[in-house]
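There are two complexes below, and they share subunit A, which is joined by subunit B in the first and by subunit C in the second.
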Partner chain A sequence: MKFYLPPQIPRLAIAFGIFISLFLVLRHFLVPDTFGEYGHYRAASMIDNAKPELHYAGQDACFKCHQDIQDKKSQDVHVDIHCESCHGPGEKHVISSKVGDIFRPSGSREVCGKCHALYVGKVKSTIAQVDLAKHNIGKNCIECHNPHQPWEMKK
Partner chain B sequence: MSQSTSTMGNEKVKTSRRKFLKNASVLAAATVGYSWLKSSQFLLHAAEPEDKSLPWYGVVIDIQKCIGCGNCASACKKENDVPVEPFFFRTWVEQYTVKNDGSVNIISPNGGIDGFKQTVPDEDIFKSFFVPKMCNHCAKSPCTQVCPVGATYISPEGVVLIDEKYCIGCRYCVQACPYGCRFIHPVKKVANKCTLCYHRLKKGLAPACMEVCPTGARMYGNLRDKDSAIVEYLKEHTTQVLRPNLNTGSKLYYNALSSEVR
Partner chain C sequence: MEPHYQHLYDILAHSQGYIFPNEIDLQWGILIVVYPFITGLVAGAFILASLERVFKVRILKPTYQIALLTALSFLLVATMPLISHLSQPQRAYEIMITPHSSSAMAIFGFVYLWYLMVVLLLEIWFDYRHSMVVWANEKTGVMKWVYKILTLGVNDITPRALNWDRKLGYIITVIGIPSAFILHGYVGFIFGSIKANPWWSTPLMPIIFLFSAMVSGIALVLLVYMIISYFRKKAIEVNVLDAIGKYLFFVLILDFTLEGLDQIQRIYEAEESFEIIKLLVSSKLYLTLFVSQGLIGTIIPLTALAFLQFYKYQIKVRKTMYFITGILVLIGVYSMRWNVVIGGQLFSKSFAGFTSFKVGLIGLDGTLMAAFWLVLPIGILAFLLWLLPPWKMVKEED
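And then the complex of A and B:
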């Protein structure tokens, strides 16, 4: 029996060929460069995610200049509290070294009380707590305590 | 085995009872064995990472150490340029108060940034504690699976990240996260979430929330390095993940997690 190819088949094949090549061309331009390198995402996006600028410099950057504070802190219970915990983001200050670029907490009852106020949910062994309603009323914490060395009492 | 008869393609399968029972029992044993293996994987760190030279990050939060100062939530917003208002958070702190009658009061005013006031009178309190929340960086995260454009993914380091250039802001992932850790950034209008401060990790710094935590309640580390501090911690403490029943492969381990926490 002679093989007979219906006339619509070559035409269909041409149409399919056009659509498939069109798809491949579009795909080439639409799919981002690094897509699929590690998975179903753009690998270059990880570089984007690593780009944002720092605001918090990290404690090591502080101690490059403030060696004296490191010495003070290392002798007392605030040793494990990093500088930016109270002083806020410090990257700007690390770059400029200006006093105005770093936050200086007031040492008021509210500032220290944020951690040290007596509260039922805090574990006593974790943090020293004072009853702000009874403890030296009217005085700011910083008048007696040095925040870098809290048990080295002033005066 | 099977012998086909010539009538209309109907087949008669001939098999012995012994053979049938043998095949059936093998099949049943294989099914049970496979499902057992699958379900116990969440105890491990779920997905086996591909590139072994990279770290595989996990996080530990010690609820006993958290004092609810809100430093983490505040620092996170500053570090990652998330507007203070409206109140969307990459990390936030919840105050749980279990009353004597067994009811639980959960509050998180302004994500805990301004600290907490106890609204329940002292005599009614059975116990109270703080639970810091953040992205669980799941190894089998539901949020990355629903993204229609491949704009969110688990990086080879096990950090769940967002491709902000290709995110279309469809909110599928916001819905999919069982921990409520995603939101639409009010300025950028694309999905946003905790990146474990990926930009800091790459520079060798700790995430901002861990940098500022005064009690060291948070810890991150490489789960693949069996000598790392975090693995030592997980060995020595009974930790639990949130919603283990969802099998998300969460890598955020809580120490001293109470059953009231949702």
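And then the complex of A and C:
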């Protein structure tokens, strides 16, 4: 029996050949130049990622000037709460050293209560909780507690 | 209050209990619900077409091309919800040009391409080649050239060549069935493989997605067949509906059983995540899971289909029942996608809190965008039916 090649096959092979070649040509032009330099990503993306303006400085930057606060914090339960958790982003203040460039929380019941208000979902053994409806009504937390050293009560 | 805390208060207002900061806003919104819904329709419609072709279910013949064209129209749009969901949609092609074996989505790009190029387009091409050659000779002007281009210049319509169309088309369909299973199994895999999420992480996920895909695809073809017959002013062949309805019934039973098994397994295992999941399904997912997916999308259609199997109602009643069942099934499968995608993000991985989700109307990630991607394939289908009308195809001897 004579070999018969259906006419569809070579034509489809050409069509697929064109499609695949087109894909490879496009791929050649579309893959960014620095792709794969360090790993499976565009190396130049690191430059892009370095561009956004910094807002947070990190607590080591704070402690360069505020050694006294570091000493206080290190002795009490807020040791693991970083400065910018309550004071907000500090990069601006680190550069300018101006008091106005850093946020100073009021130490009100509302602010401290965000973490310390009685709440069933929170683990009592790790986060101290008070019932704001009963605990020293009319006073702000900061009047008795030093936020940097909460258990060193003010007189 | 200080602005620094105001923001915290605003975002905490729509969460309950203990929740990690990155869980407050849902990363996957309504478009990610639409996406597995559409791919499911594709896989389901294709599997129904394959039934006719491979298993020679002759009675489904009038739906064969309709099912294939429906699958193609929805497949062309399937990735669009994902791309419009990205905040950088112009980079969407990048997963295709620099794929990595560790990226499930990149590999999915190739699964998708295989299914589109090698399975659907080829099968439709083999099926329509004879007719397209004849149409190219009959038509004049632009349409003549359109059909000429579509035939890729293969004008041989000798019985030998046509016989090869059938043979090759058959081979493609046989390859197509596992491909359709992989396509939608893969969508389930993408959720099922997220081991940090107890609502998603189950090896049954690909199988559940696959069966619900078949359910939705079959229901869609049923509806499309009825609507096309209405617009063409042709009588709906009720035995075709009965045949589709029978398959829909069986697949729906399987789907319901599998999803039931998944839940029973979860309830009996009662892992540490069970408490939060119990709260989730009984509160935030109550309407979409029990009412929309369970009652409207499964129990009512199952009951209706069961009655249709045993009682021969009047033709008009049967048609109405099939039509309503088809719509209810689609609502049910859409709700299932919602429950999986949105439900899985509503509870905290600490198992101690919830966030909430409110879908927006406008914007790239809103309801209108989702509706657009659901309506567009219907437009494409109308165009394809105009370009390649199954009812005008050249009849071939079996």
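In this section, the second predicted complex is superposed on the first by the 114 of 155 C-alpha atoms of A that agree within 3 Å, B and C clash if a C-alpha of one lies under 4 Å from a C-alpha of the other, contacts with A are read in each partner's own complex, and residues count from 1 in each chain.
Assume contacts are C-beta pairs under 8 Å (C-beta built on N, C-alpha and C of every residue); 3 or more make two chains touch, one makes a residue touch a chain.
Since the structure is predicted, the reported quantities are computational estimates derived from the model, not experimental observations.
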- Determine, under the contact definition given at the top, whether A:Pro150 touches first (subunit B), second (subunit C), both, or neither. neither
- Query: So, does A:Gly107 touch the first partner subunit B, the second partner subunit C, both, or neither?
  - Reply: neither
- Give one of first, second, both or neither to describe whether A:Cys115 is in contact with subunit B, with subunit C, with both, or with none. first
- Item | Partner chain in contact with A:Phe35 - subunit B first, subunit C second, else both or neither | both
- Message: Counting residues of subunit A touched by each partner, does subunit B or subunit C come out ahead?
- Response: B
- Task: Would you check which partner chain A:Asp80 touches, where first means subunit B only, second means subunit C only, and both and neither mean what they say?
- Result: first
- Contacts of A:Met46 with subunit B and subunit C, given as first, second, both or neither: first
- Item | First (subunit B), second (subunit C), both or neither touched by A:Gly88 | both
- Pick out the shared contact residues on subunit A: the ones touching subunit B in one complex and subunit C in the other. 35, 40, 88, 114, 121-122
- Note on the structure: In the complex, the residues of subunit A that touch subunit B are 32, 35, 38-42, 45-46, 48-56, 58-59, 80-82, 84-85, 88-89, 114-115, 119-123, 126-127
- Message: Using the touch definition from the top, list the residues of subunit C that touch subunit A in their complex.
- Response: 1-2, 4-5, 8-9, 16-18, 93-94, 97-98, 100, 117, 122, 126, 129, 152-154, 156, 160-161, 164-165, 168, 352-353
- Item | subunit A-facing residues of subunit B, complex | 50, 64-65, 67-71, 75, 78-81, 95, 97, 115-116, 118, 122, 125, 127-130, 150-156, 161-166, 195, 198-200, 202-203, 205-206, 208, 211-216
- Touch list for subunit A against partner subunit C, complex: 4, 6-9, 11-12, 15-16, 19, 26-27, 30-31, 35, 40, 88, 103, 105-106, 110-111, 114, 121-122
